[in-house]
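Each structure below is given as structure tokens.
Both complexes shown next keep chain A, but they swap its partner, so chain B is in the first and chain C is in the second.
Take a look at the complex of A and B:
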């Protein structure tokens, strides 16, 4: 007879994930029962309620470190923080679905987004290789479908491209995991920190392949080429979600490996290629951004560089660096979601807000939206008075402190380049002679997008003047 | 009557008043008269608050890690004079504004004033860097919205933002090493260590871009020529002084050994700016560009004075900073009036304005004489004290270069005066009205201040004490 090996505490540890799963089933059930189909607001409302429940449940575990499922899933400050970031990203993207997307497919879309977030939250707390892979695949599978959830050639291209390239990366990741398992004889991340592994070539090969997989998911140069194409084709809310949630979940895995799952003294060697790649990403991402005429592509390249900034904060491996990385990630979440919310607010059926030409003369047609967009662009560029400014200075301070000043230097150079691209959007909105020929205001009222814009604005400003960073993010494993 | 506790809160008020009032102006009805009257009243109120906030000191904790930082505001003695100059220049600029979409323009001017008062009131280096970047945004928007070439806006923004990033990096490194950025105007120990030269390099580059000093000046002539005169008046008079202010309160106070070590390089750059600016000003056909290049020249002289670290030269530098602010505001505002009336800035097409517009010509003459260093006006005091100090410090060749440039200054200022104001009336220029009393009132305070400082500069000179080690 097999006894159930898991206690209540184990199930409580994944309560936020369960809440999301229940919400997604409810959406599907409501879609089945409702005639002819679930309404747009109904689906989004259930999704947002589920997200709120998950966020509350995650917040309750903040101070409570517990290794559930034989160490497969660890709760605690770090996990909570990343779960909350995923919840914010989910809420911000669901809000956009209140105005965009095919109404007939809204039920399935919202359900998939909730399931994908289950995967992202699983990655946030994953403490063994299997949980990492489970979470990653759950997230990725949902995203493949979501990318194609609209009748458009670009969307199908996006979905297929993402499927093929992301599966390849998963292959690298899985192979790396297999080698790591071979080296340590355990799937637990904690066992990877054993000192005798440092002499094992399997460990080095395994961690190399594993990091290539992660670098792909974080869209670091030279594994970045998928990001602009996939972002461009995917529906706006999915792009918003991908640009934040996927990054956050992958960064959570990366941070856990960096801070807790490497033999002492090997971190600076194992991770050196990642720092180099991060440095290249900061330059290449920002240079790539200069030539873009599509907001989604622009923000895709921007994301490539922004991940580089976040990695710069972690480069020293200090606790403070991790906190600043989280600070910047949260700020980035707000800025990006805000920018996408503005894009949604001026979009109709054809996602006009995704094209930069739609912003010509926006300052006259929609002064408040233009002001908000300006604010988010300045935040992404790191201008005051935004959290982007403070985040950059915290990252620079950490890089100077931890001996990775060269990354700080690349950050400065990359940011200087990026200003042109971000200010291009601002210029389009404010240049007086620019024409009004691309008027796209098909939906004059998009209340949830407006609320999202406002909340993101408040978030970015508040973080500037009250720079709270979570204090108990370490230890990452038990 | 002592109101210490109440005085301190004036420092944040001086910053927030123009910022909030400027933002509020965007939601008020778009009426040009309303915008101007409102803006003038706010600018006047701000000037009064700045005047009263001389000893204010107000602080709230911002960061505890990785270094302590605070929203610490309150003018240093030097910063107070600069803020006062800014208040006066903004008031005059707003009063002289006569542009399309006037309400938005005045709002941007007020936002600019708020961020720059923040800069001069900041006692925390991080806050200084914050306002340093923030003050670029209103100028960028004005250049986009009112400038004649969008390319100018880009050049200004990207050049200065790059400088701002270096400042940011230097500030971060400073904070990590020093443990705190709450340092401006306080007598902390100088920064030492392996990082110090790099930090100095970051600060110095940022300051030199902003001033600007040759060869980092290329954003400046186009910006000064393309932007509307009231904005240029504020930017050239005060924003360009932010870099020099940074040298005084950060460079001299916390990195004095590096200022001393790199003094020859700084003096050479200053001397090149001095001569180059003067020579180009001599041949420019565009009135605003003449004044723009003359600014390059004058600021080069101030950069030399600061690099020598001689107390006398520094006293002269501060007087000259204020004097240059006053006469360049006056020059740009009056050239703006001319451009408005005649529709041209070309010295080839202008001429003989003095016959029809005696008041305009009179005001311009006073400002131009101050710029070329006529004794009795503020410019002369600044120049003579700087030259004595630089000579005292042993830089004889720099004094000789400066004297040549001063002769050239007389040449280009008189050329401006001669070609635009004097001479025969040009036939194809219709005769326009003379200065209205509002326009006259907008420049009168500047001219009076030039005379007052020319006679009694000691109060400003005293402010510099303690800045140098």
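Take a look at the complex of A and C:
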């Protein structure tokens, strides 16, 4: 009899990832077979179909907890939520890529985006160190290539920078994993929660190096310098993808470690440096935004601060905190993708939408786009009629409740600073400019970018009025 | 800890730590991306030494499998890394990281 170590149920658990992988192979095949005939829309259509299939398959798993591959991949609740976030980011950036992308490279780019998302979804469900590393590298390797996929010197440079710095961070993460394996004798995250580990120096060194690696991937402050440069150099749709999917996947790993893989009583000690770094990120990220004249750099600094907000929600290690963190992450996904979609809608070949100068007088040329951008900026800043405001209130409440009021205080301070930076974009669009000669270069309307803007608007508004936070996520985490 | 190691476990940890440290210093000090990539490989292999030593000490095959996984990933990373270095050289005619800095920062 042939030994079959993995049953059908194991393959069902990774069905969304398999769907993405199949779609990416189909894109490559179509690109190869029908090269002159396949338009950029053809490749993107296959990609979007694969993404939709993955999203539906993931949604069908919700509530059916299953630990596949000897406990290496857990799916059902928490994982499903993060898989959906990755699917949203992927669908959004594919739509943007159809508008802006280089037709010569469309097949490879779409395939890489799909593979990167396989990695991100693996990270979302990773319950042992091997799966975390595999998912992280799959995502990162795809992103290095994606950053350099255009003929621009800046893009190549950002790819090199990202490759070197991110691989170094992977080295730290991996060495930390090796030490954690040495401490526990197991690669399962759940085995790291054994109480006797609290006295083992290997555990402390290992978790320290592991967290340095994660902090880099989340672009927290001492390890954030790569983010603005890489975001600036990478093509606009790739930046949009990176800003959401990488953060979501890394936050999923971080949350699983925090909630399910620490010996009882050690969480507040092991994670204290992370909370401090998150606090610094909220201030430094928002201060960094003030000096930027490039939308991608501005949103990179914004992202550094936003990760800080999400970590603030988790700081107490409470179930409620995780729910609010997920709520804010979903809202952030829509706001950020929306801002990038507006930038794409006013971009041509040279990515004009990435520069703040291009927004001068936009309110007269494209009043609806300007209104949408204003809404997204207000949401990112956390102003009252938006999901960003609701999310911040919930985070403040939970941080005060769990004894991390100082983080809440830093969040408020950071928000106050950020208002000025976000207002800069809005001011440019609405204030009449003396040298306003941009009226002439009105581009034809890019339908997919406009659809993305609309869907993101609907997403943010829906999140405001129906603050859905998955209630039974925490018990499904392990 | 079970299993008899001919060399004490601490020595493996010391060796791996030294390898890792050399790798980190290499990334920080050297300005040639090829040497930086080699230093990163050194960091990965330091982790591999640890995985193998701990796998033997705990009699857990997972560590050895992990090392194989790391070797595979490192190979992919080197391939992509070299491709990117070539692409940068084509557009900038230099790969020195001090000169490749049109992005501010």
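By definition in this document, the second predicted complex is superposed on the first by the 462 of 478 C-alpha atoms of A that agree within 3 Å, B and C clash if a C-alpha of one lies under 4 Å from a C-alpha of the other, contacts with A are read in each partner's own complex, and residues count from 1 in each chain.
As a convention for this text, a contact is a pair of C-beta atoms (placed from the backbone, for glycine too) under 8 Å apart; a residue touches a chain by one contact, two chains touch by 3 or more.
Source: prediction; values computed, not measured.
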Fit or clash for chain B plus chain C once both are placed on chain A?
-> fit
Looking at the overlay, does A:268 come into contact with chain B only (first), chain C only (second), both, or neither?
-> neither
Where does A:454 make contact in the superposed view: on chain B (first), on chain C (second), on both, or on neither?
-> neither
Superposed angle chain B/chain A/chain C, CA centres, nearest 10 degrees, is 140
Given the touch rule stated above, what does A:427 touch, chain B (first), chain C (second), both, or neither?
-> first
Contacts of A:232 with chain B and chain C, given as first, second, both or neither | second
Return first, second, both or neither, reflecting whether A:200 touches chain B, chain C, both chains, or no partner chain.
-> neither
The superposition places the nearest Cα atoms of chain B and chain C at a distance, in Å, of 28
Contact residues of chain A, present in both the chain B and the chain C interface | none
Chain C partner, complex, touching residues on chain A are 129-130, 133-134, 137, 141, 144-145, 148, 151-154, 156-161, 163-164, 167-168, 170-172, 174-175, 177-179, 181-182, 185-187, 225, 228-229, 232-233
Would you pull the chain A residues touching chain B in the complex into a rising list?
-> 320, 324, 367, 378, 381-385, 389, 392-394, 396-398, 400-401, 405, 408-409, 412, 415-416, 419-420, 423, 426-427, 430-432, 465, 467
Within their complex, chain B touches chain A through residues 26, 62-63, 65-67, 71, 126, 129-131, 133-134, 136-137, 140-141, 144-145, 150, 153-154, 157-158, 161-162, 165-166, 168-169, 171-173, 175-177, 195
Partner chain A, residues of chain C touching it in the complex | 13, 16, 20, 23-24, 27, 33, 36-37, 40, 43-44, 46-48, 50-51, 53-54, 57-58, 60, 62-63, 65-66, 69-70, 73, 76-77, 80-81, 83-85, 87-88, 90-92, 95, 97, 100-105
